[in-house]
Amino acid sequence: MTTSVPRPKADAEPTAVRAVLSMLWADKFATVAVIFLAVVLFCAIFGPWLLDAVATKQNLRGRNAPPFDFTRGWLFWLGGDALGRPLLARIVVAAQNTMMVAAGAVAASMVIGSALGLIAGYSRGRASQIIPRLADVIMSFPSLLLAVIVLYMLEPSVTNIILVLAITRIPVYLRTTRAEVLEVRERMFVQAARVMGASDTRIIFRHILPIVMPTLLTIATLDFAFVMLAESSLSFLGIGIQAPEITWGLMVSQGRPYMTNAWWLSFWPGLAIVLTTLSLNLLSNWLRVALDPTQRWRLEMGARKNG
Amino acid sequence: MRKFLGKRAVASAVSLLLLIVMVFFLSRLTGDPTQLYLPVDASLEAREKFRELHGLNDPLMVQFGRYVVDLAQLDFGDSIRKARPALDVVLEAFKWTLALALITMALVTVAAIVVGSLAAFRVGGLFDRVATFFSLIGASAPDFWIAIVAIVLFSVNLGWLPTSGTGTIWHWILPISVLFIRPFGLILQVVRGAMITALSSAYVKTARAKGVRPRPVIFVHALRNGMLPVITVIGDQAAGMLNGAVVVETIFGFPGVGKLMIDSILQRDFAVVLAAIMVTAIAIFLMNILIDIAYAVLDPRIRY
Amino acid sequence: MADHLLEVRNLSVTFHTVRGPVHAVRNVSWHLDRGEVLAILGESGSGKSVSAAAIMDLIDCPPGEITSGACLFEGRDLLKMGVEERRAINGKRIAMIFQDPLSHLNPVYSVGWQIEETLVIHGTPKAKAQTETLALLAKVGIPDPAGSARKYPHQFSGGQRQRLMIAMALALRPDILIADEPTTALDVTVQAQILALLETLQHETGMGLLLITHDLGVVAEVADRVVVMNAGEIVEQGTAADVYANPQHPYTKRLIGAAPGKGAMAPDRTGKVVPLLEVTGLRKSYGAFAALQDASFTLEEGETVAIVGESGSGKSTLAKCLLRLEEPTGGKAIYKGRDLLALSPVELYAMRRDIQMVFQDPTQSLNPRMSVYDLISEAWVIHPDILPKVRWRARVAELLDQVGLTPEHMHRYPHQFSGGQRQRIAIARALALEPRIIVCDEAVSALDVSIQAQVIDLLDGLRKRLGLSYIFIAHDLPVVRDFADRVIVMQGGRIVEQGSVRQIFEAPREAYTRNLLAASLDPDPAVQAARRKARLTESLTA
Amino acid sequence: MRSVYARLLGGIAAFAVAGPVLAADTDIIIALNEELEVVEPCMASQSNIGRVILQNISETLTELDTSNGALKGRLAESWEAADADTWRFKLRSGVTFSDGSAFGADDVKASIERTLSDKLTCEIGAKFFGGMKITAEVVDDGTIDITSDPAQPILPLLMSTLTIVPAETPLEFTRTPVGTGPYVLSEWNAGQSIVLDRREGYWGEQPVVTKATYVFRSDDAVRAAMVGTGEADIVPLINQNDATNPATDFSYPNSETTYLRVDNTIAPLNDIRIRKAMNMAVDRDAFLGTLIPADAIKATHMVPPSTLGWNKDLAPLAFDVEGAKALVEEARAAGVPVDTEIEMVCRTGNFPNVTEVCEALQQMFADVGLNVKLTMMEVAEWIQVYSKPFAEDRGPRMVMAMHDNNRGDPVFSMFFKYACEGVQSGICDADLDKMIADATAATGDARGPAWSPVFAKVHNDIVADVFLFHMVGFSRVSERLDFTPTIATNSELQLSQIKLK
């Protein structure tokens, strides 16, 4: 922000980090979730770089190799897909697109949605009337139609899927932000800032946004999971990302015809989605408690007992 | 109240109008139904004839004008594919969607409230952990995945339930169960959160000081207060369901509006798409009013 | 020993937090007899409410833990009883009322239903409960009992809500009533009524009344005996009169010493009168409702003008209009020859430097996500011409020093401070702009008495040193008496009386002012006893 | 509120009561993959509509015997060429429509006019009678002359597609089709089912099946599972991955041919060496039994082997990575821009495993040094690149398509796919155009030999496209039925051919 002042934080920083870590440690589920998410993140960043070549190596005569065949090397531990490609490697490589779609859609919808929500909630003029209507329209606009429109006019690339999913999620952030801003703008410290002569921009970005942010972040974690599932549904309906691009959702829907005779094709990527969304949900639950001063003792208690 | 309803109706009408305009023009950017309707070998003359017959050669504005004029007379146009009034087609499908949504949401609401409240009562207890964990797993899995596993398990292997279709009450069990899982997980979490807040509030302290038993403390004192945020989420979920459960409808061969919508979109049957959007949007609008009324009923502080 | 109606013996309660266990109360013992009023006096954080919570089974375990002690009710230890047994005592034998009745009444049920519930869960038949509810409502002075029973808590005033709580608590004629800060946040006149009501009811039923309060005046008015608590321990106990007249413990002495309304009043100002701010005909209406009507007054340089009045009198509206947080409907406020109320946004921005405000609740008026440094230096971010950036740190340190904090506090966040320290930060923030006028809107109302006194001292010192003028909005008359030069009394959006502090306190002209003064409680039990006698004779002669 | 609940409960109760009525053994249930949007006889060339209506409700004058490619009479007893452009049909007598009215020549005339009318968009008209003018003249009640302009040597074959409806059928899509067939539409629950009942008074042999209920399930796995659970007796289309039970699952050639349509006009695809290299790059054998059913046949023609004029001498270019590489290098040396990115467009859901097939093809092309990029498209978008007019600014492009010719004559394929004016043609060759025109006009025994060189020229001389496979489909039939799907099952499902075991 505008007040970037050099300040010694030597004493505050490590204890804060340690407090967060100990609160995290207090919730074992959340700890496991964070570790799992870190692994996913690692795969998303380095996966394609490490494994892209093996993940696309086809072998038509060795297709649908069953899992747990430890004679074929670790890449085939989870089995092979319909083109004989190792599933494990593909899941690792697909993490990148999956995460990019989810993170991109969530980030874009959060930025746009909360910006519109800030305007709608803070202004008392016409914008406060029009923007909520806009949200209504987007809400009633079938996301499938939107997907078809965007993917027809553009092409079914990762970017455009992000665009589609982002647009459909905008109202969530818009409505939440607006509702919170309506409340926060009446708070005492906002008035105090106005008394000092702070501009609207300053009040919005320095005083209101930081208060609304934790709520938005909690929604974003949940939405991250939602977006992954939505992307998978779009692939299922044939209007999502298409091969040779690769995402977990696409892998699940591609494995669908084999569900009765080669379950592993859709099971492993499905499990990856389940575990990731589950981790995010657990993390968000933990965040909700950790960010709420009236609930935080639950974690602090646990930390004391276990630490 | 009447004034409020009037205001809401006007606001919704504006949104609806905007929606119609957007859908009308945007959907026509996705191409011409001619080639999809006619066989690929159809001659250029045959295509021309088809376009002429369905007024697709007119400028877009003319087509829109014609649509609006018809709409003013409650004529939603004919489905090109089905050669029937689009509204008939949509309403036929919508009644299935409505039934499915109502039953599912009723079950979800009751189940989520009971389980969520009990989980909130002993936060971090065994019941809380088990309920939270399994509801989250359910809510995290792709729905088509669950649907097919359920069919393979309960219909093919165990033979307890029919795989798909409509007809008997047994046919409803699998689609409802699959549809149930995600909103249940979500609403359960919201109920749990809201109830934790409500149970730590001052009036619950009063109730305990009065000697109220734990169960009425949860289900009488805290629940009604905790319901307000829950209702919002129930509304959002129900709205999603009224838009049709495409995946579940597709897999279970359930003739709802979601399947109709995706088919019509893919076939560029614009009249049906528009009619479906309008019917579902109006249904969602009515449901939102119901939700506002529910707010007022639950919380006497809210008066419109 | 077992003769006492209620006896707490060696109670210790610990709350577990991340910073280790907090011993909320340690080895607390006291007792209460039938027909007696016992006050537990203490400031926030003293643990004065904890023993009551233990009695009512309201301590959540975890994080709380009762580490030792007993709560004997008629000789039986409540802490060893089964859940169902305690439930049967709660509400029936021992009842409790709380501070903030609005949040303690369930907002979504009618008040009639809530009172009935108390009766029904303890065995009264439904029909009987209904008639009894109406009788109770009448008894606690709620008008139109039948109609009111169907209303919801938010439809009543603060005082009425406390009456409703009392009706609910007394429904089953309990042996003990625990009242936890029952009159805090109520207007003085309403406070007097509630205390009178409690007293009357106690006489009628002969119950024991346990009063938990921070207010010496309340103790003086109603208590027979008093237990003084500090930091989880009992420091002193005895009869109310004894403890006040002859405090033993240093803490008690300090507490009594800090009670406002004892010092000398400011002399009437004489000499050259320099009006700094001249307000004429200030009006504000919301639709048809006139929140503020035709307010006119002046503020002189270096002067403190107090605005007093009960809630809804329009005193906060006046402040907000002056600061343009609300746009006034009409009137003028001339400052340095310009009308504040007609300034353009750009002019207003410049004017902000001169007039600052300190709000009631520092917890809410300080952005919780900004450090003290950010909070104070924000003034210079907004008005960059005041101070070059290189000098910010030094100046923040200086300001903190001025308000009695140390420069090390600069990098902490508001929640790491106590209430009084937070209000000092808020004052430092106001001073950062080097204003001429500071509007204090109930700036000390939320603070404990000892802290209150310190903050008032601070404000007074700053006035002398920096030549500030204050508009001091308050409902607490003793504080005003100590601090103000002149007093404006407001009622229903109008100024009913204004004059020098002596004039208002010693020779009030208006009946309203006199009522206000009469209702204000004196910390000295002897004074209160005398007043009661006077009231009694007054009512007898009338 | 209350009435909503009441209705809802009532509805549930009704479902519970209306359980499956104990069905007779001769009642069967057929699970189709998509719902019928209309039940209009003049749309019966659409396979989902045809499977219900064709020859069950509505019959045609002639019928193609797919077992030997011969044309036999149905409502016509015989036919002969009256002159160069007119055919005379003798109609069967004693035939009645399901509404009781008698069938006669005026019904045939009315049906032809209705099918080709401007007021209706009939798929049969658009698909089989495009670019020609047909006039019918009633000679007497049992005889009709049908004239075409230009002359159609295969007019009797064309008449095997045209459904006959009563003369009084209005000029709009009917929802209660009336026909001469052995069955009558008795129930249509939109979205759920269609019921056909056997009718009295059919002119032919009384079929065994008394009642057929058609239900619609778009999910492959569910549809396939329904035979096992007893919810369906015939599933005409199941996914090859589900076709695992030899007792119930039948494969049949479905008259579909998959191929990559190559746009021969744009470099580097305008170079025959590149097109040859692509043909040699595809390891067709590797597909068989893996992504493509083992019974499929490696294709050399646009039409299935049962078609007139099939050229036995054609063989696919052998799989030869090194040879293909050499050709590519040769082309590069000749200045062909072989490194240009070639787009391969496939359609989602075109046939089972289409995505995998396309991914595998891409890999195979890459192995011989071609730069092929795969784009999967949804059908509406795909059809724009498949059919003319092509975009002006297009790059080199191949389109994966599946072509169906179940009529036994190449004319339904070759003009569209290879003539300069053909809507999906990626080539334009004057010689070929002439050969196609000659073969189209050829009659009698000369017709087959006229087509054979056309196939050879496309495959050997021009190497126009990359032919892949003549496909097979899979049906699942309950073990209680005696029914074997054939190539015809792709477009019709004659209930009269179903017997009980």
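Lettered A, B, C and D in written order, each chain numbered from 1.
To be clear about the criterion, contacts are C-beta pairs under 8 Å (C-beta built on N, C-alpha and C of every residue); 3 or more make two chains touch, one makes a residue touch a chain.
As the structure is a computational prediction, the values presented were derived from the model and not from experiment.
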| item | value |
| --- | --- |
| Chain pair showing more contacts of the two, A-B and A-D | A-B |
| Centre-of-Cα separation between subunit B and subunit A, whole angstrom | 23 |
| Centre distance in Å when subunit A and subunit D are each reduced to the mean of their C-alpha atoms | 45 |
| Inter-chain centre distance, subunit B versus subunit D - centres from mean C-alpha coordinates, in Å | 37 |
| Cα-centroid distance, subunit B relative to subunit C, in whole angstrom | 50 |
| Residue numbers of subunit B (touch at least two other chains) | 30-31, 148, 152, 250, 266 |
| Sites on subunit A at which at least two other chains make contact | 148, 152, 239, 256, 259-260 |
| Multi-partner residues of subunit D (each touching 2 or more other chains) | 221, 225, 378, 380-381 |
| Chains grouped in pairs wherever the two touch, ordered by label | A-B, A-C, A-D, B-C, B-D |
| Complex contact set, residues of subunit A against subunit B | 29, 133, 136-137, 139-142, 144-145, 148-149, 152-153, 225, 229, 232-233, 236-237, 239, 249, 252-253, 256, 259-260, 266, 270, 273-278, 281-282, 285, 288, 294-295, 298 |
| Subunit B contact footprint on subunit C (complex, rising order) | 56-58, 87-92, 95-96, 98, 100, 103-110, 117-118, 121-122, 152, 154, 165, 168 |
| Residues of subunit B defined as touching subunit D within the complex | 30-31, 35-46, 49-50, 53, 79, 81-84, 89, 92-93, 96, 99, 102-103, 148, 151-152, 155-156, 159, 162-169, 171-172, 250-253, 255, 259-260, 266-268 |
| Subunit A contact footprint on subunit C (complex, rising order) | 16-18, 20, 62-63, 323, 325, 348-350, 352-353, 356-357, 359-361, 364-371, 373-374, 377-379, 381-383, 389, 392-393, 410-412, 415, 426, 429, 433 |
| Complex contacts: residues of subunit D adjacent to subunit A | 220-221, 225, 239, 241-242, 244, 283, 286-287, 290-291, 348-349, 352-353, 355-356, 358-360, 362-363, 374-378, 380-381 |
